[in-house]
């Protein structure tokens, strides 16, 4: 990890904390966008150009916008007045912190992590990724298309306004 | 077919675009400070006081009856009546306003003062460049600033002025005829007639 | 700490922050945000292992992330549509007030 | 010192005269540790100068052009023929008070204009402006363009929401809905080019449109049926993405005052204005790169005398002129018309266009592929047009009280 990725990581963690802890839901969503953009930058630093750009396109351009629309449609635009943490928040936060501690310790203790390739093997090019998507993984791609279509149709059906109950015959 | 309307519209605007360079007649605007549109005859901006004769102050038709002051909806007119009569341009003794002020910033150009004036003394001007550097004093116009000659009135509203002039002349002629008749009838008792005619 | 370990730690922290959001916040949308964070942590793991592992020319890691992003998009769309539908019915976006399944 | 000046001038000369790698001789003069930063700065600086200058010029030309379309003269007071109007406007906005509403979300309100201008400038970094003028030759340049372009929606939302004003919020939601809807036809129409050329790299897409050996006409994509349709769809979608008339509902000055930047004044307002125009230029630049042959001349002979970037900017000027012309002609659409156009008309047409480019790719015979893709596209256009707009629906207007046929 060089200086740039360390700064980006700190940024990502800070915005992630903001995204879960802020009072105002729109601020949370904007912080989440910060997380997405920071992660995309980290992907770019890791030479994953395609994935990083798809991350921005899908997460910031689509998921984030959906989120803010949902927040505004559920009247979450203002600050939440009711208690915004659940009653058992201490247990949840404790559990999460404990898990974090365990995981970080485990990662740092492990010395059998695979060593990075030193020979400078060729990274997959964009054309290779495209070929892979269209040839070997084509069934997965089609399944993904089906899933996305189903999700889009399902989302539209779910969010469609319910037809007003039919009026009883006016006597 | 779909889209033909858009193309028609584009052709029309292109024609306007090119036409505005080749044909000066198309231009709907003028270069204002250098070029002006001649004022329309029925334009009205702001009242002025008409005077006859040479002296703007002595010739005022206004007799300070204060009807316009009372009728003015935004009450922008201030009149102070003179206590003594003064000779007008014909040498006839008349009451005249000592102060006649109009606040331009309050006037709403409704022309009601013109409608109610029985002496055809106040008329609407077509002058519209009224902005002044001074916000308060400059926008309060006094009697000197308001007085404009009948010739000016004739120039800006020719048709209306001709009609007013002919009416005034007819009234004057009628009054003279009446006075002559009265003078002829009251020949034996000449002393009181002059005073009561006023 | 090697580079790979650094990214793994970042990913673990991100995952736990997301988990914390799901466990502690009462708003459904915040819970969804937590889920998104966890998914992103997993993606970061894939990328880190793919790039800094012994076989950077293998494409499985990259492919997995591409598909995972697509699934996340589908998940977000359906999840948020559900939130809106529930909000319309119950007039609330709070998890602990959505209790009609209790019977 | 003399070396520096000489090499710097040499670099400028190489850029202007369209020679390869203009920075090659200048960079070795820079100390090793600053070399890459200098290189980046040298690439960015012209972009940061040329496009804002073009924006300034466009605002004046647009106002003059719109004036002429409406049979007026347009601005003609400041400077020769009014061409310094932008300086007066710029000075005015710079010296105005920067007002932030008390109820506004201060931080988000402050960040929103930056979040618009920065991505918009970033999108310029992948466009090939000339034969050797590509700031950043990314393998997935097209994806970069769309990804960064998608980030501008966020800034629009931030601006509208942070202002705490119902008109701003309405404008922002309209803008976001519009941008999300029109992004789909935009990307699908760009996808046809990717299918035809097999690359996401913009310089390679431009290379694919060069004239072959001995051909007298360049192979611009717009000269093919699918390219023509794709370009038309792209222009309409780009117009909507840039929030320009007739798709300027997010601004809608007669209904929601100015939309999402209602509560911005002074320099921040100028930034929004700048971002909007630069977004339009970037979209035009992408359209030129994808469909109009990038920096290639229509006839290869002409490339010998006129430098490549001149062709790019000439095409850019032509497209900007077209957008001004459209703005002067068409009235603003309604919200339902806007959405219907995107989802019911442009999206199916873009999908049919993908089919047409596939036909074009796989049919070997030039005549057969011309005929097949033209018939497919024309049929789809006419059919969709008929289905969406039955010609009989609009009859002669009937007046209830006025006598018939009386004028």
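As written, the chain order gives the labels A, B, C and D, with residue 1 at the start of each chain.
Just so we're on the same page, a residue touches a chain if its C-beta (ideal position, glycine included) is under 8 Å from a C-beta of that chain, and two chains touch if they have at least 3 such contacts.
Small disclaimer: the values here were computed from a predicted structure and weren't measured.
Ranking A-C and B-D by contacting C-beta pairs places A-C first. Inter-chain centre distance (subunit A to subunit B, centres taken as mean C-alpha positions): 76 Å. Averaged Cα coordinates give subunit A a centre that lies 5 Å from the centre of subunit C. Per-chain Cα centroids separate subunit B from subunit D by 57 Å. Between subunit A and subunit D the centroid-to-centroid distance comes to 29 Å (mean Cα coordinates, whole Å). Not a single residue in subunit C touches at least two other chains. Those residues of subunit B in touch with two or more other chains do not exist in this structure. Residue numbers of subunit D whose C-beta contacts span two or more other chains: none are found. Because contacts link the chains only in sequence, without closing, their graph is best described as a line. In the complex of the two chains, the subunit C residues touching subunit A come out as 1-10, 12-30, 32-34, 36-37, 40, 43-44, 47-57, 59, 62-63, 65-67, 69-78, 80-85, 87-88, 93-96. Interface residues of subunit B facing subunit D in the complex, by the touch rule stated above, are 1-3, 6, 9-10, 12-14, 16-17, 19-21, 26-29, 31.
Subunit A meets subunit D in the complex at residues 26-27, 30, 33, 37, 49-50, 53-54, 56-57, 60-62, 64-65, 68-69, 72, 77, 125-127.
Of all the residues in subunit A, the ones that touch subunit C in their complex are 1, 5-6, 9, 12-13, 16-17, 19-20, 25, 28-29, 32, 35-36, 39, 42-43, 46-48, 50-51, 54-55, 58-59, 62-63, 66-67, 69-71, 73-76, 80, 82-87, 89, 91-93, 95-97, 99-100, 103-104, 107-108, 110, 113-117, 121-124, 128-129, 132-133, 137, 140, 144, 147-148, 150-152, 154-156, 158-159, 161-162. For subunit D in complex with subunit A, the residues that touch the partner chain are 105, 108, 138-140, 143-144, 146-148, 150-151, 153-154, 157-158, 161, 169, 173, 176, 180, 183, 198-200.
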